[in-house]
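After the structure tokens below, expect a handful of questions from me.
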Amino acid sequence: MSGHATSLRLKLPAICFLLQLLTIILFAVYVRYDEETSANLWHQKLRHHNGSNLDNDFYFRYPSFQDVHTMIFIGFGFLMTFLKRYGFSSVAFNFLIAAFAIQWSTLIQGFLHSFHNGKIHVGIESMINADFCSGAILISFGAVLGKTSPVQLLLMTLLEVTLFGINEYILLSLIGAKDAGGSMTIHTFGAYFGLTVSRLLYRPHLNKSRQREGSVYHSDLFAMIGTIYLWLFWPSFNSAVTAHGDDQHRTVLNTYFSLAASTLATFAISSLINGEGKLDMVHIQNAALAGGVVVGTSAEMMLTPFGAMIAGFLAGTISTLGFKFITPILDSKLKIQDTCGVHNLHGLPGVLGALLGALVAGLATQDVYGDGMEDVFPFIADGSRTARYQAIYQLLALLITLAFAFIGGSAVGESRFPMSFLASPPDTQCFEDQIYWEGLSSFSFNISKGRGKAQPAQ
Amino acid sequence: MSGHATSLRLKLPAICFLLQLLTIILFAVYVRYDEETSANLWHQKLRHHNGSNLDNDFYFRYPSFQDVHTMIFIGFGFLMTFLKRYGFSSVAFNFLIAAFAIQWSTLIQGFLHSFHNGKIHVGIESMINADFCSGAILISFGAVLGKTSPVQLLLMTLLEVTLFGINEYILLSLIGAKDAGGSMTIHTFGAYFGLTVSRLLYRPHLNKSRQREGSVYHSDLFAMIGTIYLWLFWPSFNSAVTAHGDDQHRTVLNTYFSLAASTLATFAISSLINGEGKLDMVHIQNAALAGGVVVGTSAEMMLTPFGAMIAGFLAGTISTLGFKFITPILDSKLKIQDTCGVHNLHGLPGVLGALLGALVAGLATQDVYGDGMEDVFPFIADGSRTARYQAIYQLLALLITLAFAFIGGSAVGESRFPMSFLASPPDTQCFEDQIYWEGLSSFSFNISKGRGKAQPAQ
Amino acid sequence: MSGHATSLRLKLPAICFLLQLLTIILFAVYVRYDEETSANLWHQKLRHHNGSNLDNDFYFRYPSFQDVHTMIFIGFGFLMTFLKRYGFSSVAFNFLIAAFAIQWSTLIQGFLHSFHNGKIHVGIESMINADFCSGAILISFGAVLGKTSPVQLLLMTLLEVTLFGINEYILLSLIGAKDAGGSMTIHTFGAYFGLTVSRLLYRPHLNKSRQREGSVYHSDLFAMIGTIYLWLFWPSFNSAVTAHGDDQHRTVLNTYFSLAASTLATFAISSLINGEGKLDMVHIQNAALAGGVVVGTSAEMMLTPFGAMIAGFLAGTISTLGFKFITPILDSKLKIQDTCGVHNLHGLPGVLGALLGALVAGLATQDVYGDGMEDVFPFIADGSRTARYQAIYQLLALLITLAFAFIGGSAVGESRFPMSFLASPPDTQCFEDQIYWEGLSSFSFNISKGRGKAQPAQ
């Protein structure tokens, strides 16, 4: 069945070994325990500050980390199992590239953010940030899902993680933009990076695999596992690295309300735009999550609960409309084949979230933030910036992110991953597990509760 | 397939928009950050008490909240996917009504519990309580599952959340009853409210849809995801809002032992009452959870570990027997069609839990509780009540709850939700996703591993 | 279909009642709240130490406990649903025996570890340790999966929990070995105990059920739910009972890196050893987890991040090779039928982890650990042992564990569980839910996306 060209034989083992070996060597040379994970350093710190083991930041970040971790591996992984014949690859390649991304981004982010005396120091915060970075990669993965081999995906990850780190460094460290939940650094970057790759890897004959580009009854239920977990833990995602205290607490609250509102909006619009008033599972699986994306930048700010709800409601609305009206145009007119519709869930809501962040930042007043200003807007607090200026920097951050996404995506796409070499699937074998997985018989679907056009060939 | 009468067209969008708009307006007018989520207020508090950001209640409630959140959206949502043809609606309508319920109950509970100077103050505790309220709604949902449209469900939610808040206010604030895990406020109320609605919406011709009212092999496995998560996190559910310290710790411990015992009881009885000694998946999916319900009131008290086990063992036994002997009678004699058997999982164990709570409260002594009495039974601690009186108030609380459930359920049921207007499914189309979901072909089940009477028409 | 011999009638109810009754009686006599869960004792403690409710250990152990809890019931439970016809039994018997194991091990571990003034004192730590013990039982369950009745499994649990407790007591309390994540006490013990039982219950005619000993497309996706959750929460598993502060933090970090590396190794080797370069879902579901097992002893030590990665990489490699080359030999030559391949996931990596622990312990220096030495190696800290001696004790611990596993497994296996009496399935009905579950029609598999030899008979 799977021709030599698409075979992973030697190619996948070779790149996995190479990347893992390289990573281990760089870790051996550069990565060390930080003062909260090193037995020696932590106890020195305890002695000096006469502190307690219970003050270790582990207790105040780890629960959030595990929620984020679940979103990355269960949330993204199962959300993509909606495809009737690509469930193994969706959850397993998600697993593979995220497992590499967290290692590689620990290095890249470490060199840029926590490189002291020639060493990278790691602990719970580096773990959270590494998971965040892998989130961006998985968003891009969603755009090219079913059309790229794991070999191609690992190479894409290698480059994308690197660019993610640089862009994040510019935004957060150089220009002092705020983006705790990553509307820009994660969602906008990941979506437009992936869409650019998808554009450059455009397959004019993808219709040869269209009968597989749909779901079956139970594959949609597996996907809902991913959806619900992403929805549940998004408050943890947006708050995982904000300042302790009111910041984390408020970020969670805002995200919670935004998600609730985007859910009602999604059900409303999904039914409204359907001829018979029926709901579309694709909308529920994706657009209901837009409320988490849209407050990624502003949730830590004094957005107000009803502000969060309005944002979520708009995001759910726009995202659902995007699936109905924009995705087809991207495909037919712009030659962008967006398998998971990441443009609707991460692209548009991400940009909207960046703009919202700029707006809310521009409205910041000492009166509203009080002494809390320092945690949210340090430059406004120390007088080095006005709220207006902070807003301008937020907008600048969005532009920089878009530029990095397009340039990075182009670099990957242009390279075209010489197909035969990188085991890319042929147009006739996209969205097909069989070419990569042992023991799967050829395409025949008794279990299909066919979804419209997605009827399986029987 | 789906006649105009059952079409959600315009009806679902209209009610979603209306409810969300109303909610946003009320939030704008009344809802504000509390002193743990407001940048300004929190930092004032820190200054006055010379405290630390790590004292924010977020760190001591949020992990429990996320467990409860998972129970509401994954636990309830997937538990109801056991129906072979109603998996989409089960998990998605659960998602929709819970997303509205948490918003609406934030307002209702806010007006009743945390309305200060004309404002509702929100934070992690209001989030947990809102999720609790949605739990009651989802229990009622279980009783009418497959026989009501999302439009009807949203209207039911609107009223039920309101009555839940009032009943809870009377129990906890006016008569000073204890019910941390909601044996009364959540389980008894939700179950009998839903059963009353189901009684009034009785469908004499439901047998026209019986062939769909069963499970298939994999739908039962999806349901087990819900079951296990409910079982795992029930200790967090019962302890989420108890006093900090020994109270939360003890509540978790008691619930953990009660659930373990109810699980063994369920397997034992399920096999015992079957002609061939076989196990029934319906019992495992539901009755094993009765141990969490039955200690909902008493888990925070000095129940003792073996007391918790006895309670759990009895609850699992009664619940399993209920599925075998009571549910058929409710259907045939009392004309109550209880789709998920909520009477067995939430009704009976809830009432039993209320009685157990009264008993354990009546046995409270200063000797056993010491200074901890104040957290568990403040009125006994301050001498304004004897243990006996507390027990009487607990019993009174049960009666009030049952009254609210019947009155509220009747109000909803009597209105009959003018059928054609609210898109109620016809008797021939109950338990059927196709009428609400895009792209599903008509009923034909290759994947069925038929369950007894639930054999699909092939 | 199910002959009287295999019927659970009366047998399962009888043993469940008996074991639960016995447990309740022993709890009534011996089990009491500890000073963190008792209202009276905790408030006395607060008064004496002038402490705060927020210091209760609940807040510093419970999130880890819930992660472990999820691994036991969702992780192990769903990992075993890969079998096409044994999904109900896998997740439900896992549920049953774990629910009993946590109660029984609370008693056994309590008598051995926390028996003061004739009473066992329970709280969050006893809950975590009880869950740990059930993990070992479930590993053994994996070796005999599909070939034993729940009656046999409960009897096995009764004995195995007891021996687990004694072995753990000898290792941790008597000879002072370190094994926070249980490479020895949990994985090595559970695996070789189960394999010994499997050897003694060898079925020469198991091929009569081979057509059922495989997966179908969606059963493999259910199994991936288990895999991912085990992978996600393994850092919590290894760190759940280590000392607070840097120890827990470091253990999490090491496990996280080890797992990431074992994942890449698994994908690499799985593809490398396949004729066409295809991936095998069995490897991904299991070997990717070996990274968690292999650092079970050493993760709390100063393993270094790159050391953790090397360990994980080797474990993933050896585990995958084990599935390909060792499992067939165990079956054909050694007559060990290892249904889930626990030898590859828990046996080999467990032994490897024990050796690694001895190595890292032997390299411990005051310079590296500083004042942290006391928490990790108390005997080295107080000068009563050199690092070399600690290493020798670690090796001794491995030998003792292997001895207990073989002796215990033999005791269970030799007894042979008089088959007809204990409802053991016949060779023709192994891996078959129908004999234990109500309402399942006979074996016919439309949904099969057959896996190699595992093609269903149609």
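Per-chain residue numbering starts at 1, and chain names A, B and C are given in the order in which the chains are listed.
Criterion: a contact is a pair of C-beta atoms (placed from the backbone, for glycine too) under 8 Å apart; a residue touches a chain by one contact, two chains touch by 3 or more.
Per UniProt, the chains are A, B, C = Rh family B glycoprotein.
Note that this is a predicted model, so its numbers are computed, not measured.
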{"item": "Arrangement of touching chains [line / ring / star / complete / other]", "value": "complete"}
{"item": "Copies chain B and chain C touch via same or different residues, half shared test", "value": "different"}
{"item": "For chain A placed onto chain C, the superposition rotation in degrees, Cα atoms, nearest 5", "value": "120"}
{"item": "Whole-Å gap separating chain B and chain C, where each centre is the average of the chain's CA atoms", "value": "33"}
{"item": "Residues of chain C touching at least two other chains", "value": "59, 63, 218, 225, 446-447"}
{"item": "Parts of chain A lying in touch with chain B, wherever the complex brings them together", "value": "55, 59-60, 63, 67, 217-218, 220-221, 224-225, 228-229, 231-233, 236, 243-250, 252-253, 256-257, 259-261, 263-265, 267-269, 271-272, 274, 276-281, 284, 288, 302, 304-306, 309-310, 313, 367-373, 375-376, 446-447, 449-452, 454-455"}
{"item": "Residues of chain B defined as touching chain A within the complex", "value": "2, 7-13, 16-17, 19-20, 23-25, 27-28, 31-33, 36-44, 46-47, 53-54, 56-59, 62-63, 66, 69-70, 73-74, 77-78, 81, 87-88, 91-92, 95-96, 99-100, 102-103, 122-124, 127, 150, 218, 222, 225, 436-441, 446-447"}
